[in-house]
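First chain written, first letter: the chains are A, B, C and D, and each begins at residue 1.
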Amino acid sequence: MIYQGKQKIWADYQKEIPDNHWFYVRSCIRQNFFPASEKYFLAICRDQLGRDIYESEHHTTCAGIAYHCDTIPQETAMTVVARQFALMTEAGYENLVTSCITSFGNYTEILETWRQFPELEEKVREHLWKACRREFKKPKYVAHASDLMYKLRGEIAERAHFQLVHRATGEPLRIVEHIGCHYSKMFPHKGVGGAEYPCVLSGMAESWGGRVIDYPERRHCCGFGFRQYFVKANRGYSLSNTHKKFESMEPYRPDAIITNCPGCPYFLDRWQYVISEMEGKTYGQNGYGIPVLTYEELAGLVLGVDPWNLGLQVHQVAVEPLLDKIGIPYDPARKYLGMDEKKIMTPGLPTSLKCF
Amino acid sequence: MVNRNPVIAVIGAGIAGLEAARQLADLGYSPVLIEKEPAVGGHVAQWNRLFPDMTPAAEVIDALKKQTAKIRTLLGTEIASINRLKDGFSLVLTDGTSLLCQAVLFATGFQLFNAAKKEEYGYGIYDRVITNRDLEAWFNTRKDMRIKQPEAVGFVHCVGSRDLKAGNTQCSKVCCITAIKQAIEIKEEFPDAEVYCFYMDLRLFGKKYEDFYIKAQRDYGIHFIRGRVSEVGEAIDGRVVVKAEDTLNGKPVKVTLDLLVLMAGIVCNPDAQHYARQVGVSVDDDGFLKSRDNIAAITESSRPGVFFAGACTGAKTIPETLAEARSAALNIHHYFNKRK
Amino acid sequence: MDFGFKRSPSSAVNLDTVDHARYDRLVQLEPDALTCIGCGSCSATCTAAPWSGMSVRKVILGLQRGRDDEVDRMLSRCMLCGKCTMVCPRGINTRHLILTLCRLDRKGEVVR
Amino acid sequence: MGRYFDELSKDYRFKEGLKTCINCGTCTAICPAAEFYKYDPRKVVDTVQRKDDGEIEALLKSETIWYCGECMSCVTRCPRGNGPGLVIMALRNLSARLGYFTASEKGRQLWPLTKTLNNNILHTGYCIHPSTFDCDEYPESGPVTRWVMDNKEEVYGRLGANYEGKGPGVLRHIPQQDLDELQAIFDETGGTERMEAVERASREKAAELGMDFEEYTKYTYEHCSVGHFNDE
C-alpha cells in the first residue's frame, strides 16, 4: 500500500464545505436505532463548536426508503424533497445538511436530474404549489452530516480527551471505515475523497489518532438493499453481503468499524449477532464482535462523552472491549438504566456473541 | 518565394519524426528535428521487443538513428511559440534561438494514459499494480522489486481506452496485441505462472496478430477472460484481488494475483494540442489533431504548410507510423513542387 | 435460532481455488481445446442446442470454472453428430474433443 | 416492437441510466445481488437495449428485476456512463404500473412493502417508526432492540430523544398539518394512485391464488421459494 497515492487522490476530491449556517434534516433509521447520534451531532457541531444549525419541526422523511423500495413514483419522492427545500427557504437557509446518506444521495440525484431536465423541476414546482402552496429555492449546497464533521475534525481533535490509540501498546487503533453506497458511488465528485478512496471517515479516524485499514471488500455494500432487507423473505441477501465483508476484514483484526450511513451500522452490528447465532462465529477477540460506531459516537468518545449517554448500549455488539483499549472509563451498572437513572429491566443475552 | 532548399521543422524525434526527416533529407530538403527529451527515439526507445516478430526495439531505433545522423537535431529543446508568417513559420525555441521554416511537420506522438486516473485499479496505491510501460522497463533493466517469481499475473486491457469516464472513448489499437506479447514474455520468463488477460474485445487486426493470439493460447496456456476488470483490492499479504465478470459464463470471477499489469491506452500528447492551436490547426473531438480528411488525407492538416505523421492523429502501430512518415514526406514534397 | 432466512454462498468463481483438473487433462489430450475463442459457432449450429442447451464453448469454459455438473448435463445430451466440428473457425475437432472428455472422470483420470 | 422500450424511455431514470451497453460486465463483477442471486445486471441492460417487446415483457413479469438492492455500485464503474440500477428502477416502476409485478414471487412483495412504508410515511411522517416496529417481524434486530422497544419512553428519553413530543428533535411527533401535506403530495403526484393500483392488482392475485388478503400479505412477506439463490 502506497499511502501517498491515496493522498494524491484525496487532493482531487476536496469539497468546499461551507463553514456555517445549515438547515438540518434527520434520518428515519438513525432516529429509531441511533437516536443519540443525531443528538450529539447537534451537541458537538452546534453547541460545542458554535455552528448555526437549524431544524424545523415540520420536516418529514424524504421518503428515500420508499423510493428505493419502489413503492412511490419518482415525482412523489421529488415533491417530498421539494417540500423540505421549501421549509429551508422559508427558514432563510441556503445550505442543507442531511443526517441520512440515502437522503444525501437522493437530494444530490434530484438536483442533478433537474439540471439535466429542467422541465421536470418545473413540474415538481407545480406539484408542490398545488399540494402545499409552497415555493422553494434550490439549496446552494447539500452536504452530508459526516462532511460537516469531517470539516470540523481538527477542532474536535483540539478538544480531545481521548486518542484512538491502544492504551497498553501505544499503537493506533485499527479502524475499518464503511461508507454508505449512496454517499459517492453515484456522484464521486460529491463525496470527500471520491468514490474509490473516500476520506470523509478515514480523515476523522486519522485526525483522532487511529489508523485506517484497507481490506479487499472495503467498497462492498453492507447488503441493506432496501427491499432485500425490509421483506423478511429476502434477508438472506443482506446477511450474505455483510458476511462477505466480515470474512474479508477478519484477518486485519479491526478494533472498530465506523460508518456514515444510517443502515450500515445497524446491519454490520446485527448481522454479527445473527452470524454468531446461526454459525457460532464471532469476529472480534475472545468471543466478542467488532464494535460498529457512527461517526458521532466516535467523535463523542474522543470528546469524553459518557458512552451510555452516547447510546452505545443500544448496539448488540458490546463496545466495552473498545472502551477498555482506549482507556475510556464507564460504569457497567449504568449501562441499561432508563430516564433519570431509573432502574429498568435489562436486555436478554445472545446465545453465542459475548456481551458484558 | 522559391527556396531551393526549404527548411522543415519536424516536431518530435520519435520514430515518426526520424523516418520523415530521413525521407525529407533524401528528397533534398533541410529538416530540423526538435525533440524535448535529451535523446531521440520517443516511446519506442523505451520498449524492449516488438510484436509480432519479437524484434528488439533498439534495432529499429538504431537503424533510424544511423539514417538521420547528419540531420540537424535539437535535443532537450521545446518550442516556446510558433508564429505563422506569409511564407512559412517562425519558431521560438526554449534554447533562446528561433527557427524560420517553410513547413511544419507534427510528429508529436502520443502520451500514455495516466493509469492512476482509473482509481479503482489502484495504480500508484497498490504495490503490485504496474503498467505496460513499467513492464517493458523491467524487460529492459530487470530492475523492479515488485516482480519476482510471480505465480499469477493478470493483464487488464482497455485501461483509459473505450472509457467515457476516463475521458477517452477511443480504442488505443495496440494494447490488445501488446498485452498478448507481454503475457507471452512473462510466460517465457516464469513458465509456471498462471497468466490471465481480461479483455472486452480482442482487436487483433494486424499482420500475424491472430497467429500470435493462437500461440498465446495453445503454446503458452494463457487464460483469456472476457470481462472488464471492475475493481482491484489489496489482500493482507500485499497481493491484489481482481474482480470481473466472466461474461461468456455470466458469473462474477475473482482471482488473487502477484502482479497486475494495466494496459494504459494512448491519448494525444498535450503539447501537440498546444502547438496546434498556435499554428491554427484544429483538434478533433477525440483529442487528437484533426486531419484534412480521415481517409484521403490523414497526414495533411487543413492549413497549408502544416503536416502530420504518426500518433498525433490517433493511435497507430509502428509500421503504420513509419508508412505515414514517408507519406507525409511525400506530401511535403508535392506541396513545395506545386509552389514552384 | 431460526430467523426465517439463511445465508447464501457466493456465486463468484474464485480462480484461486477452482478445480480444473479435468480441463488440464483434456488439453493434454486435445491441445486444440486451448484455442477456443468462445465465438459460439458450435452452439449456433448444434441441432440439439435449442432443447438440450448443449454448447461446446460452454463445456470448455465450464471445465475451467469448476462447473462440472453443468458440463456433464450438456455432454449427456450431445448426439455426437459432429456438425460443430464443421463450423469451428479455429479448426478444433469438437466431436473428438467431446468423445475424449466423456472418457475422463472429474479428476481427469481416463476411465473409459 | 419497442412499445415497452418507448414507455421506459419516458422515465427520467431510464434516460439517465441507459446510453449504450457494451456488455463488458463491470457492473456484474461488483454487484451485491449478482453474487448471491441468479442475477446479472449486464444481461438486464442488454435485454432492454434490444427493444424486443416480448423479452422486455418477460423481464417485467420476472423475478430478475426484483433482485437488485439499488446500492448503485454499478453506476460508479460503467465505462459508458450507464446506470443499471437506474434501469432497474424504471423497469420496476413500469411493472408496478402495469400490474405485472404480481406475476413473480419477488414482485408480489411490492404489496407488503407499499403497505408498510407508505402507511408509515403518511401516518407518522417517518419511513420507519417505533410505534409500528414489530420485533417478531425482525428477529435479527436482537435482544437489545426488543429491550429498546419494550422501554421506548425510558430508553429514548435517556438518549435525549423527543419521543412523540412537540417541537423539533429525534422522533418528535410530526404535526398533523405536515402529514396532511404529505397526503396532498401523494394525491397530486401519483403516489396515492400507485398505492391503489398495487393494492388492486395484489387483491386480484390473492383471489386468483385463493388466499385471504391478510394471509396473502403475510405470505408474500415471509415466503421464499427455492431457486432464487445461486446454489439452488
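Note that contacts are C-beta pairs under 8 Å (C-beta built on N, C-alpha and C of every residue); 3 or more make two chains touch, one makes a residue touch a chain.
What you see is a predicted model; the values in this text were computed from it and never measured.
> Could you tell me which chains make contact with chain A and chain D both?
Both-contact set = B, C.
> Given the two chain pairs A-C and B-D, which is bridged by the higher number of C-beta pairs in contact?
B-D
> Mind checking the centre-to-centre distance between chain B and chain D? Centres are C-alpha means, answer in whole Å.
From the centre of chain B to the centre of chain D is 49 Å.
> Please tell me the distance, in whole Å, between the geometric centres of chain A and chain B computed from their C-alpha atoms.
Distance between chain centres: 46 Å.
> What's the distance between the Cα centroids of chain B and chain C, rounded to whole Å?
Roughly 39 Å, centre to centre.
> On chain C, where are the residues touching two or more other chains?
1, 3-5, 8-12
> Multi-chain contacts only, two chains or more: what residues does chain B have there?
In chain B, residues 120, 226, 231, 243, 246, 251-253 touch at least two other chains, as defined above.
> Spell out, as numbers or ranges, the residues of chain D touching 2 or more other chains.
30, 34-36, 76, 140, 222, 224, 229
> Does the chain-touch network form a line, ring, star, complete graph or other?
Topology of the interface graph: complete, with all chain pairs in contact.
> Taking the touch rule as given, give the residues of chain D at its contact with chain C in the complex, in rising order.
Residues 34-36, 38, 139-140, 222, 224, 229-231 of chain D touch chain C in their complex.
> Which residues of chain B touch chain A in the complex?
116, 119-120, 122-127, 231, 233-236, 238, 241
> Which bits of chain C are touching chain D when the two form their complex?
So the residues of chain C in touch with chain D come to 1, 3-5, 8-12.
> Per the contact definition, I'd like the list of chain A residues that touch chain D in the complex.
26, 28-29, 31-33, 35-36, 38-39, 55-61, 63-66, 68-76, 78-80, 83, 105, 113, 116-117, 120, 127-128, 130-132, 181-182, 185-186, 188, 195-196, 219-221, 223-228, 230-237, 239-241, 244, 270-271, 273-274, 309, 311, 313-316, 336-340, 342, 344-350
> Where on chain D does chain A make contact in their complex?
11-13, 15-16, 30, 32-33, 35-37, 66-73, 75-76, 83, 89, 92-93, 96, 106, 109-110, 112-114, 116-118, 121, 125-130, 133, 137-138, 140-148, 150-151, 153-161, 166-172, 174-175, 177-179, 181-182, 184-191, 194-195, 198, 220-224, 229
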